[in-house]
Every structure is written in C-alpha cells, then in structure tokens.
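So the structure is just underneath, and the comments pick up after that.
Just so it is clear, A, B, C and D label the chains in written order, and each chain counts residues from 1 on its own.
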Amino acid sequence: MDYSQFSAMIPELIVLGIFILVFLFDTFASESARKADGMLTTVLFGLGTVAICFTGCLPQECFGGMYVCNSVSFALKCILNIGVFIVLVQSLQWTDSEDMKMRRGEFYELLLATLFGMYLMISARHFLLFVIGLETASLPLAALIAFNKKHYESNEAAAKYIMTAVFSSAVLMMGLSFVYGLSGGSLYYNDVAAAVANGEMSGMLIVALAFVLAGIGFKLSLVPFHLWTADVYQGAPTSVTSYLSVISKGSAAFAFFVIFVQAFGAVYPEAWEWMLYGIIILTITVGNLFAIRQKNMKRFMAFSSVSQAGYIMLGVIAANAIGMTSMLFYILVYIFSNLGAFGVIQAIGNKSGKLNMDDYKGLHKSNPWLAFAMTLAMFSLAGIPPFAGFFSKILIFTSVTASNSMALYMLVLIALINTIISLYYYLLVVKAMWIAPEDPVVPAFRSACSERFGMWICVAGIVFIGLVSPIYGWLSEMSNLDASQLFAWLG
Amino acid sequence: MDITLPILILAIPISMFLILGIGGVKMSRKMAGVLGILGMGTTMALAYTVAFTYFFSGDSAFIVDGIRQQLQVFDVTWLAFTEKLVVSIGFLLDPISAMMLVVITTISFMVHLYSWGYMEHEPGFQRYYAFLSLFSFSMLGLVVATNIFQMYIFWELVGVSSYLLIGFFYKLPSAVSASKKAFIVTRFADLGFLIGILVLSFYTNTFNFAALTSDPASALASTGGATFMGASVLTWALVLIYVGGMGKSAMMPLHIWLPDAMEGPTPVSALIHAATMVVAGVYLVARMFPLYLVEESALTFITCVGAITAFYAAVVACCQIDIKRILAFSTISQIAFMMVALGVARPELHDAMGYMSSMFHLFTHAMFKALLFLGAGALIHAVHSNNYTEMGGLRKYMPITHWTFLIGCLAIAGIWPFAGFFSKDEMLAAMFANNWIWGAWMTMVAGLTAFYMFRMYFMVFWWEENPHYKEHKPHDAPWQMSLPLIVLATVSCVAGFIPFGELVTWNGAPYHIHIDPVVATTSLVVAVCAIGLAAWLYMKKNSKPAAMKNAMPTLWKAANRRFYWDEIYMFITHKIIFNIICKSIAWFDRHIIDATMDGFAKVTQRTSVAIKGMQSGSIQAYVLWYFFGAVLLALVTWICLL
Amino acid sequence: MYSMDLGILWYLVPSVLMFACGVYGFVTRKNLIAILVSLELMLNAADLNFVAFNRYLFPGQMEGMVFTLFAIAIAAAETAIAIAIIINVYRAVGNTDINEISKMKF
Amino acid sequence: MFGNILIWFVIIPIIMMAGLGICRNSSMNAIRTVMTVCSTALLGLAVWLCVWFLDLRAAGDTAEMLFTGSWMWYEPLNIQLAIGVDGISVLMIMLSAIIVFAGVFASWKINPLPKNFFLWFALLSTGVFGFFISIDIFTMFMFYEVALIPMYLLIGVWGTGKKEYSAMKLTLMLMGGSAFLMLGLLGIYWHSGPEGQLTWNILEIAHNGHIDPSWQRLLFCLTFVGFGVLGAMFPFHTWSPDGHASAPTAVSMLHAGVLMKLGGYGCFRIAIYLLPQAANELAWIFIILTGISVVYGAFSACVQTDLKYINAYSSVSHCGMVLFAILMLTQTAMTGAILQMLSHGLMTALFFALIGMIYGRTHTRDIRQMGGLMKIMPYLGVCYMIAGFASLGLPGLSGFVAEMTIFVGSFEHTDMFHRSFVIAGTCSIVITAVYILRVVGKLLLGPVQDEHHLQLTDATWFERFSTVTLIVAIAGIGCFPNWINETIQHSFVPIINTLTQAAI
C-alpha cells in the first residue's frame, strides 16, 4: 500500500492533528492551563485553515478511488474551515463559563471529530466511506447537543436527535442495500452510476433513491425529514446550534450533490429531479410557514435554516457547473449570514440569557452595534442587496433557469414568492429591534472581544463577499475543473 | 411689422403679475394700484397703436387691394409634438384680433381704474391687481393666438384667472364654491375642446389657424371621409371645439357657472364675465369660421343652441331680483345672440353679414355691458346690497350712475342712436336673411331684453325710495369709479357710428353696412313697446307686478329658480358621481383590492397556524412523518413512472 | 426487474418484514430502550439485505460483507451514545418514557 | 473607472454614508453639513452631466448611450457593471438629484435618530442613481432592490400612523413585484443571445434581438408586472396609499417623486425595449389595466379626506398615465411619458413636502378639520395651490405639457380600442380638477375651522428653500418644455425602430 496517498488528505490530517494536540493538552495540562483549551484550538485551527487554503491540493484519487481530493471538495473544505473557525471564535466566551470548566476540552475534541467525519463525507466516492463519514459526523454531534446536561432542553434535544438520526441512518442503509443490489456488486459512485445508466428504471431503484434522499435529507433537514431540526436547534447550546446550522448542512448538501449527480446522474430527468422538485417546494414553503410564528430566536433560526436548505438544494436540481458553483457560494454566504445572526443571539444569550424575539425590542437603544450586525445578517439571509445574500440567491436562481425548462422556471417562481414570506419574518426581527417603541429589555453591555471579533468577521463577509466577485470566479474555476468528472453520467 | 409692440403687449401684463404677485406683500396698496393701472394703461396705449396701425395705416402688409390681410407678427416654437404638430406661441394680427385687443385693453384699463376706488378697503388689494394683470395677459394671449393649441393654453389660463378672481373673497364659502363651480364646468367644456383639437389636428396634421382656415377644403379632404356615428369626423371635431366655446360663453346647458360667478368682485364681473372672457367662445367660432362653413351642420347646431339659450336666459332674467344676476343672464342671452348671428352667417347671404354683425355686437356689447356692470357696482357700493328690493328711487341720489346706467340700458335695448341698435339690427337682418324663423325668434328675445333691462332700471332708479336712505344717504362713487362710467357711456353712445363693416369682415373684404328699414323698424318698435310695458309696470310703485307674479306662481318660481338647472347638476354631480361612483370605487379599493392583498398575508398566517401540529414534539410522530415521507416519495415517483 | 431466483427472496422478504417491525416498534413503544431495540432491528434488516445481495447476486466479491461489518460497528456506536443520552434523560426526567420528552414543540 | 462621471452618482452617496458614519449621533449640525454638501454636490454634478450631455449631442454624437463604460464583474456569468446614459436617464438623474436635494431640506429637523435616517436615505439615493446609470440588467436590478429596502426602516421608524403595517405592506408588495421581475430578467439573460454569447447588457440584448416571441410573451408579462407594481399599476397599487400616508415627508417625496419612476423607466427600458414583439402583441392587456388606474385613482382621490391619501391616489392616476403612455408605443406618447414622470415627480414631491409641513404644524391631515389655512400660512398655501394647478394641468406648469404630449401621442392610434381609452384618459383631467379644487377649497380657503390654527406660523427658511427649488423646476419645465424634447428625442429612435421592426 502506498502511504503517500495520505498526503492527499491534508485537510483531514490537519484536523486530526489538531484534534490529537488538543486531546493531549486537555489530558495532561494542569487545571489552570486548561483554560487555554479554547484559545489553543482556535489559534491552531486558524493556522490550519490558512495552511490548507495556501497549500492547495493536487487533484488525485486515493485508496482505489474511495477518497478523492479534487478542487471542488477542496474549495468546500476551505469554506467550511472558515465557518468552523468563526464558530470556534464565537464559542470561546461560552466555554469560559464556570460550569464548562471540566468539559471545555471535550467540546472542541468532539467538534473536530465531527468536522473530520464531514470531510470524509465530502471526499468520499464510495458509499461505505460516505456512511462512515456521515456517522462520524453525526454521532459526536449527539454528544455535543447533549452538552448542557444541566439543562433539560439539551437532553431532550439530544434524545430526539440521536433517535431520529439512528432511524434515518437505518433508512439510509436500507436504501444503500438496494443500491448495492442494483449496482454491479461495487459501491463506488462511478460503478453505481454505470450500473444505473445501463440498467432500466425499476421500483427498487426508486425506493433506493427515495431512501437515500431521505437519509441525506435528514442531515440537510429537508421537509418532511426536518422535524428534529427545530427542537434540536432550540435545545442545543447555541454554539452547537450554529455549527449544526451551517457546517453540517453545508457538507451534507455537497455530499448530496455528488451522490445524486455523480452516482445517480443517469436517472436525473426521469426520477430524482422530480423527487427533489417536490421536496424543494415543500422545504422552502413549510420552513417559511413555520418560521413566521416562532418567538424563540434559535427555533426561528432553525426554521429559517430549513427553508434556506431548500434554496441550497436548488443548486442540486440545477445539476450543472453553475449550480455547483452557486451552491458553494451560497453555502459560503450562508455561513457568514447565519453565524452573524447566531453570534448576536449567543452574545445576548451569554450575557442575559434572553432568547425571545420580544426581548430584542428596542435593542438599537441599548446595543446599537449588535442591532446593526443582526440587521445586516437578516437582510443578507433575506437576500437584500447590496449584502451577500442577494448575490447568492440570484446566482443560484440563475443556475436553475439555465436549462430553460418551464418547470424549473415555475420552481424558481415559487422560490421567489417564498422569499417574500421569508423577508416578512426576517423583517419581524428588524422590526423588533428598530421599530418597536418599547424600552430595551436587554440592558446595554459590552460584548466580549472574541464575540466582537467573530461578529466583525461575519459583518465583513456579509458586506463584501457579494461585491468582491473574484471569490465566485474562483469557485466557478474550481467546479469547472471537476465538471467532467461530476457530470459524466448526467442523463 | 415690428415685433416689439406685440411682445410688450403680452410682456407687460405678465411681468406686472409677477411683480405684484411676488413683491405685492411688501408693497403698499397705493404703490400696487398705481403700478397695475400704469401697466395696463401702457398696454392699452400699445394695443391701440397696433390696432390703429393695422386698420388705418394702409400698409401693404395689412391690406392688399382692399382685402385686410391676416399676418403672424411672430410665431416661436414652444413645444414640438411631432414634426408637423408644433405648438408655437405667436401673435396673429387680423381684423378680429385687432378689434379684441382694443376691447380687452380698454375694458381692462377701465376696470383697473374703477377697482382702485371699488376695492380700496378690501384686504389683498395687491393680490387683486396681480390677478387682474394675469387675466389681461391670458386674454390677450388668447385673442392673438396663431394656432389652436396656443388658444387652448391661454383658454386654460383665463379659466384659472377667472377662478382666482371669482374666489377673491376666499373666506366666503359661497365665493369659494362659486369659483370651484366655474372652473370645473368650464374645465369640463374644455375637455370637449381638447378632444376636438386632438381629432382635428390628427386629421389635418396642423394646429395653425392660417393653415386650417386658408384652405378648409383640404382639411375636409384630409379626414378621408372618416365618419363616426354618422357624422363626419370634421363635424365632430368642430362641434367638440364649439363645446369648449359653450363652456366659456355659458351656452346652455353649460351656463350654470356664470350667474354664480357674480360672487366675485363687481369690476371682475364687468371685465371677465361680461366683456371679455365670456365672448371667447364667440371669438373661437369666428376664428375658425371658414372651417365651420364647410360643415354647415355644425353651424346649425351652434344656431340652435344659441337661439334656445338666448330665449331661456332672457326669460330667467325677467324674474331675478339680484341686479348682478339679471345682468349675468342678459350677458348669456346677448352672447347667445352673437352665436346665432355667427351660426346663420353664410358668404352667399350679404357675404356673411352675420359674422360681421356678431363681431360688431361683441364690440358694442362689451362696452355697454361693462358700463352696466360698473354701474351696478356703483349701486352696490352705495347700497351694500345686490337686490333691487333694497334700492329704488336712486336717480336723485346718484345722478351720474343714473344717466350712465340709462344709456347702457338704452344701448342694450337697441334704441337708436345707441351702439346696440346698430349691431343688433345687423344681426337680426342677417338672421332674417338666413331664415325668417330665426329672425322672428330673436326679435322676440330682443323685446324681452328691452323689457327686463328696463324692469331693472325702473326698479332701481324709480319705483319708491327705500326707507333706509334716511340713515345713510347713497351718493355717487368717487372719481376713479365715475370716470370709467362716463367714458364707457360715451363710447356706448358713439360706437354705433363706427363703420365696422369696413374694418371687420369674415374675409377681410370691406362690407358697406346699410340699415335694412323693415328689420330696423320692427326691432325698434318691439323694443319701444317692451320699454313702455316695463314703464307701465314698474315706474311707480303699484301692485301690478305682484298680481302678475301671483297669476302664474309656478312659472315665476321656476324662472326665478332658473328652471332648476342647478338642482339637476347638483343631483348628478353629488348624488350620482360623488356619492355613488366615487364612494363605491373608494370602497372597492379598500375592501376588495386591498383586502385581497392583505388576504394573501392572512391566508399565509392561517396555514402556518393550521400546520403547526406537524411539529408535535414527539419523536415517534417525527419518524412517522419521516418514514411515510420517504415511502410516499417512492410511491408517487413509482406511480408516475411505471 | 432483476432475475432473482426464489432463494434470495427467502432473505429479502424477512429483512423487509424486519425493517417494518422495527418501524412499527419505534412508533408504538413507549420505552426508549425498547425503541432502541427496534432501531437495531431496522439496522440489522439493512445488514441482512447487504449480505443476501452479496451472496446471491455478486458471489464474486465481498463488498456487501465488509459493508455489513462496518454497519454493525456503527450500529454499536450509535447504541452506545443513545444509551448514554437515555441515561441523561433518565437523570433529568426520572424515567425513560418517550412521552415525557416532548416539551419542545410547534 | 473613476474617470467616468456617472460612477460618481453612486460614489457620492456612499461618501455621504461614510461621512454620516463618522458624525456623532448627537451632532445635528455635522449631519446636516454632510447631507447638504453631498446633496448639493449631486445636484451640481447632475446639472454638469446635463450640460455636458447636451454639448455632446450638439456636437453630433448620436451614439445611443453616452458616457458608457463597463467593467467585468462576475466573469463566469458575464455580469458587468455597465453604465451609460441617454437623454431619458439624464433627465431622470436630474430629477432624482433635485428631489434628494429638496428632501434633505424637507427633513431638516428629522427626529429621532437623524443619523440613521440619513444613512438609509443615502442608501436609498444610491440605489436610485445606480438604477438610472446602469445599462446592465443585473446591476440595474440590484440597485432597484437597494432602493426598495430602506423604505421599510424609513417608514417603520420615522413614519406616522399605522406605520408598521404600511411599511411591511409596502416592502412586501414591492418585493413581490421584484420577484416576478427577477424571474423575467433571468429569462431575458438566458435568451439574450446565441450559446456562449449570453449577456446582461441592455444594448447588446436589444442588438441581438435573439429572444423568440413565445418566450417574449411570458417575460414581458413578468417584467411589466414586476415594474408595474412599483409604477402603482392597478390592481397592484394598494401599497401606495398606506405607504405614502405613513411615510415621513422626505421619504414620501423621494418615493413618490423618484422611486415610482423606477417602475415606468424600467417598463420602458426593459419590458418594451428588450421584448418588442411581445410589447406589440400584449400591450393591450396593460393598456386596459393602466387605463383603469388612471381613471380609478382619480375617482378614488375624490372622496379621500386624508391629504396624503388624496395625493397617493392622484399619484396612482398620474403614474398610471405614465405607463399608459409608454404602452402607446408611439414616440410622442413616450416623450409624454417621460415628461409626465418628471412633472409628476416634481409636483408630487412638492405636494408631499407641503403636506409634511402643514402636518407638522396642524398635527392633522384630515381636510375636514382644517380650513382657511391660506389666511394663516399664506406661503404654504400659495405653494400648495401651485402644486395643485400643476397637477390639474395648468399651462405654464409641468403637468400640462406632459399630459398634452401624452394625449396627442396616444391619439395617433386610429383604432376604436386605443381611441376610447385615450378619451377615458382625457376625462381624468376633469376629475383631477375636481379633487384638487376640493382639497384647495376645504384646506386653504373658506373660514378657519380651528382657532388653535390661528397661532401657527408660516414656512421656515429651509422649508421655503426646498419648496422653491421644486417650484422653479416645475415652472421651468412648464414654460420651456421644448429643450426637454430635444434632450430626449434621440433616445427614442432605437426603441421605436425595434418596435417597428418587431411589428413587421
């Protein structure tokens, strides 16, 4: 066996390395020194991110093609790295709190472990590796969700998460078993694709597709596989929620794209285009409809992220290079916008424990900067120019309409009409902060440096990512490089 | 001709308006008054110069072998709709415009002078003079218009100035509503005018009067025989344009604004609602007369409307007690007279004597009607009431007013040798020439005119003295007011001897007026009889009028209420248009359209509440949704595919 | 459809039934542990599928078997974490009744 | 890039925002200085642009767009920041500059949070100017939405009455419009040219003329409705009354004065110009709708009692006239449409400014509770009358010129359908007169209703300043309309050509 292949796994290895370092430090360092866990991890990770972004990757397949390192997945890993870095920065304040004393290290270890899993999931080109990655990603998450074990919500959320997660992975396995039955005895994506392309449409294939879609849709929280989302987001510690909402969503979306376009590409027009069509409409609409009513900010963000997932899926249904690019871009923008919102939620939560939208009334009087950041985040999520959200939305719509099929135009129209609903509830937050005449509920306070740092990163991202077009150009370069490989089997 | 004078004629009034309007608040009354009067005086002088040069200089530019020419002194593009349809602001000089210049400036100057005394104590004196200047400007611009669109522009402007002046006492609700009524009614008529212009200009592809009137046949040809509802589009255009004229000249059924317009200051009524603006309709028809000639049906329409209006107004005038109202209705009836005269005019009938005579009457009427109004103003100034019931026996107290007023009455009654006799006689002659019915009918109206005018005259100056005179004694007005009366009275006496036919005819060729003895005597006799009757009834206080009134109460009441036209209009505008149409539309907008828009939002909210059960919180429900979701997905796809 | 001789159905049908039972059990049981058990049923159904397919359709190679081995390990891991969380819940609520943990809803 | 004068119309507002950013929230003077300086700069720049443009035209530069420049932005999708102006956009920029200028003075004493108010105000103007300078439909759309969203906060925070409701309604309805619009624009892009030469650039799209009719129909409806919502086209106008009624003065000015023009301009530039076949085929549908809104708005204005509602409905009527004229597809009518945009922009801005000032004094907008204000505040009264006369089309003020041009132009269609709608349109001038005089009569004339009003004062210097600016502009257009014609006439040539070619 050629060990040099591991050199292709730089991102994974870096994450793993940091994981081990933190683990060792956390185990052997003194009580007092352990305070530095968070800072250590963050700094290391920051460095790691920079390293990854600058080492770049030379596209190659490893382990007989189970694991590929190609430019798209590399790009995504960079994006996710940035996201995780922000999450880490934002979590520092929370992990410094007293009741986290004992478990500080574990938080970071688990976080890194899930990230490792997601990387595998992204780079996998074989279903076995994919499943391993998926589980590696989702099991530590359960522990993370349960992290506030003193809070009841945390436990309930964890229970709900693990149960449904196991259920969904069971369904996924079932689906995969059918896939295996159809494939020529090999679970490499390309072999599956070949088999699907040669074999004719069969009920078994449809069931397989449906189950696999459900299995991954669970992580993406597509309707109707999303029901865990709201409760878990609400119950989990805010850092974990923000992590769930952006990072695992992003990685799952990418895996979804690869599996369906590459492995099942042959049946795109017959089968899964229409499955996804329905699912997307459901996701966007239901997510919005639920979000309208929410009062608890985290729950609200949960449903907003459900509908956002629908928009991300538009990139998949487009099933073209622009779609891939726009999806990556969307994920990037979504990371900044969402983490911006969560940063504010977390800052306020840490300081005052207030989590309801009504508590945000008159926020601009007491904490204008937080209100400002939140407003930008909301506008970006709603897709208002000149903020990044606008560009990600319109670009992803552009990718969907590329094929000029009337059905997809209708899909875009529905999505667009849904943006109005979403605009409504995002504006509700803005209204609470700026328009509501009440005196501020949240007292004026100075948020911690780490929080402010995180927030500034997000604000900068929200403002500039859209306007600074080279980012998109770079992504599209990346996805064009792999287009041949990705869309080889597209029917 | 040198263009400075024409430009100045337009420029001075408008600059006066701007100066007085913007700087007025800072000025003293005296200052403002003097400025206004001086401005108008200069304008008058200039206008006279221009008119006399035009008529009597004999310059080849104005008259070529006996035919008076029409010339555009200047004509600058103002707005080019298309290459052909160009609105220009210009100065058209021809017999009628020259004549109108004289009329307008004279009356306007008189009124300026008169107002100095009349309005002395009113607040907003400066504003008043500003508005007067604005009106003079607009009216002058109207008469010298080189193209129909310029005319329309100034047509609107005179409408607004009249609105402003009628509503001058803007604290009185009556004045406000009167001004509003005047503007809206005329605006409605202008709508007809506008559409007429649109139709005409679309087919003839020009606005220019010269182009239109020089060769009416081609205008007719250019319509390509297009017709609408039976009538040719040209007829439609002309009739619609005439509707605009009906509005300004208060022809039935658009006459209702004029009586109310008497809410304005009396000098204003004299200027706008007797002498100048109200004859704009006549002027418009005269201006486009050659075009009307090719569509005689339009002319017939004009004649009929005129005849009816003339009679109606005369009858109503017999039953009013407010002297200004009486004068207003007499104005309506007199203008109708001119309209009829125009309507019956044909080149083959004494080469369109009707045209000449109506212009003649326009001239003379302007003079003596202004005189009458100013006289009425003097009376009101003295008695502080509009109703002759408050007056009576005033001849002793205000001799100047009395004599001038008498002259005015005689003039309008058409008694030799006063101005009215000549013009009216010519008109009647023209009507008889066209068709004896018109002649007879209008002679009767002439009789009525004499009757109601002298009814008023006797009621005011004879009858019996009003007891109030004991406490404060009515007296003649100050010189600023008396002077115009005297001047105008003189004019009314001599104007008849102007050889009008030599100056103003439809085609510029001179026409030698010769009194038609038969017509003259009949009309004279009728007038004298009417006056006699009036004298018999109203000279001395007696019960005959009351008895007559009681003999036919309903008729009297109906006539006194102007045959309920206002009520009908009120019903249509308020009950139907405002209450039914507007209100229902507003309701529809709020409760249907807007409600639907809000409805979308409501529906969304409702659904979101309705489906919240999906998120029941129980893990088992979640996985059930999950599982059935997946299975359903598979099934649906399967069914769709296999 | 694939040419499957009767033999494979002897395995496929039971596995599908097993899966169905698992779902049924999950939905009906009240006790979290019992639910965990039915989850195991479902997972094993999938494994059984893999093995059967491998044995009958692709006797040549071993992917199915390998996959199954991994799947079993994963299932074990899942169970472990699930149990841990259930214990937490038990500490918090005092029992393991699934209806107790539906406070967060709508 | 910065060499191009047009860019500065976007940069100056951004500078404005930056300047405000460094002002302290309390220091009113600093904020005012920044705003005054920048808005004056904008106005000056607009005038300069106007003169320069006319010079170039006079020099015989007959290019369709002048001052063009384009910078690749999103390479993969060939999205560019392409800018350029023709006569129409120059005038629109002029209009916006004037109104922004007047708006600054109209909101001189804005309270609370003056800084934030002007920040959003500046963002709004950024969007407006950006929209008018860009000739690339992507950037155009972006600026369009940039201009829309600040309305929410501007109305919501600084508004009056049921501001939250109206702000939300306005924002959602306009965004709903832009949803259709976005789809339409995407469609245009994907059909803009042969494979590999897709473009967002208006000129190139129009030049390619590649969009096939079957798609044009769909896209025309989408885009026209999208812009029509902002143009207050029946039945999508209902945001306008509530929105305007609740908005603060300057915002109503800018919104009714400029933002509603974005609708007309967009219909003209995109819906008509890029989709000519569909325009020829489907214009009738929208002629019916806009024809309705012309009369309908006027009628419903007759019975309103809230000053701002009256004005909002009259805006519906007047803006309906704009779209109506555009749909007539004749050069004269379109000229009229542009004139009407300018005239309505100025006079309605004046109206809203005056209403704001009156409301600031009497604290009511209900005409039944006011009266005889002419006596109390003559200056405002006179200005209001002038605005009224402008709106009912008095010669010498802008309204007349615009309406007449529209009517003459629309009358070039000889068929019964067009004719009857034109006649209906002309009727609106009478109805307009009715409701304007009704307001003037109730509000300014007659006896004073409320003794408390007798203590009220007349306009202050900055109020006079902002009103005079507008009145001068109105009278300018009204008295010398022909130079505007000359400014814009070139701009119609390509559009009319495409339309005529499409008609064949």
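Going forward, a contact is a pair of C-beta atoms (placed from the backbone, for glycine too) under 8 Å apart; a residue touches a chain by one contact, two chains touch by 3 or more.
A quick note: this is a predicted structure, and the numbers were derived from the prediction, not measured.
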Chain pair with more C-beta contacts, A-D versus B-C: A-D
Per Cα centroids, the chain farthest from chain A: B
Whole-Å separation of chain centres (CA-atom averages), chain C against chain D: 64
Whole-Å gap separating chain B and chain C, where each centre is the average of the chain's CA atoms: 97
Computed distance of Cα centres, chain D from chain A, in Å: 42
Approximate Å spacing (C-alpha centroids) for the pair chain A, chain B: 78
Contacts with two or more other chains, residues of chain A listed in rising order: 159-160, 163, 167, 171, 203, 230-231, 293, 424
Set of chain B residues in contact with two or more other chains: 601, 612, 615, 617, 619, 623, 627
Chain D: positions in contact with at least two other chains: 172
Touch list for chain D against partner chain A, complex: 73-77, 79, 138, 141-143, 145-146, 149, 152-153, 156-157, 163-164, 167-168, 171-172, 175-176, 179-180, 182-183, 186-187, 189-191
Chain B-facing residues of chain A, complex: 159-160, 163-164, 167-168, 171, 201, 203, 206-207, 209-211, 213-214, 218, 223-225, 227-228, 230-231, 270-271, 274-275, 278-279, 286, 289-290, 292-293, 421, 424
Touch list for chain B against partner chain A, complex: 601, 604-605, 607-609, 611-612, 614-615, 617, 619, 621-623, 625-631, 633-634, 636-638, 640-642
Sites on chain C touched by chain B in the complex: 23, 26-28, 35, 98-99, 101-106
Of all residues in chain A, those that touch chain C in their complex: 127-128, 131-132, 135, 139, 142-143, 146, 149, 152-153, 155-160, 162-163, 165-167, 169-171, 173-174, 176-178, 180-182, 184-187, 202-204, 230-231, 234-235, 293, 299
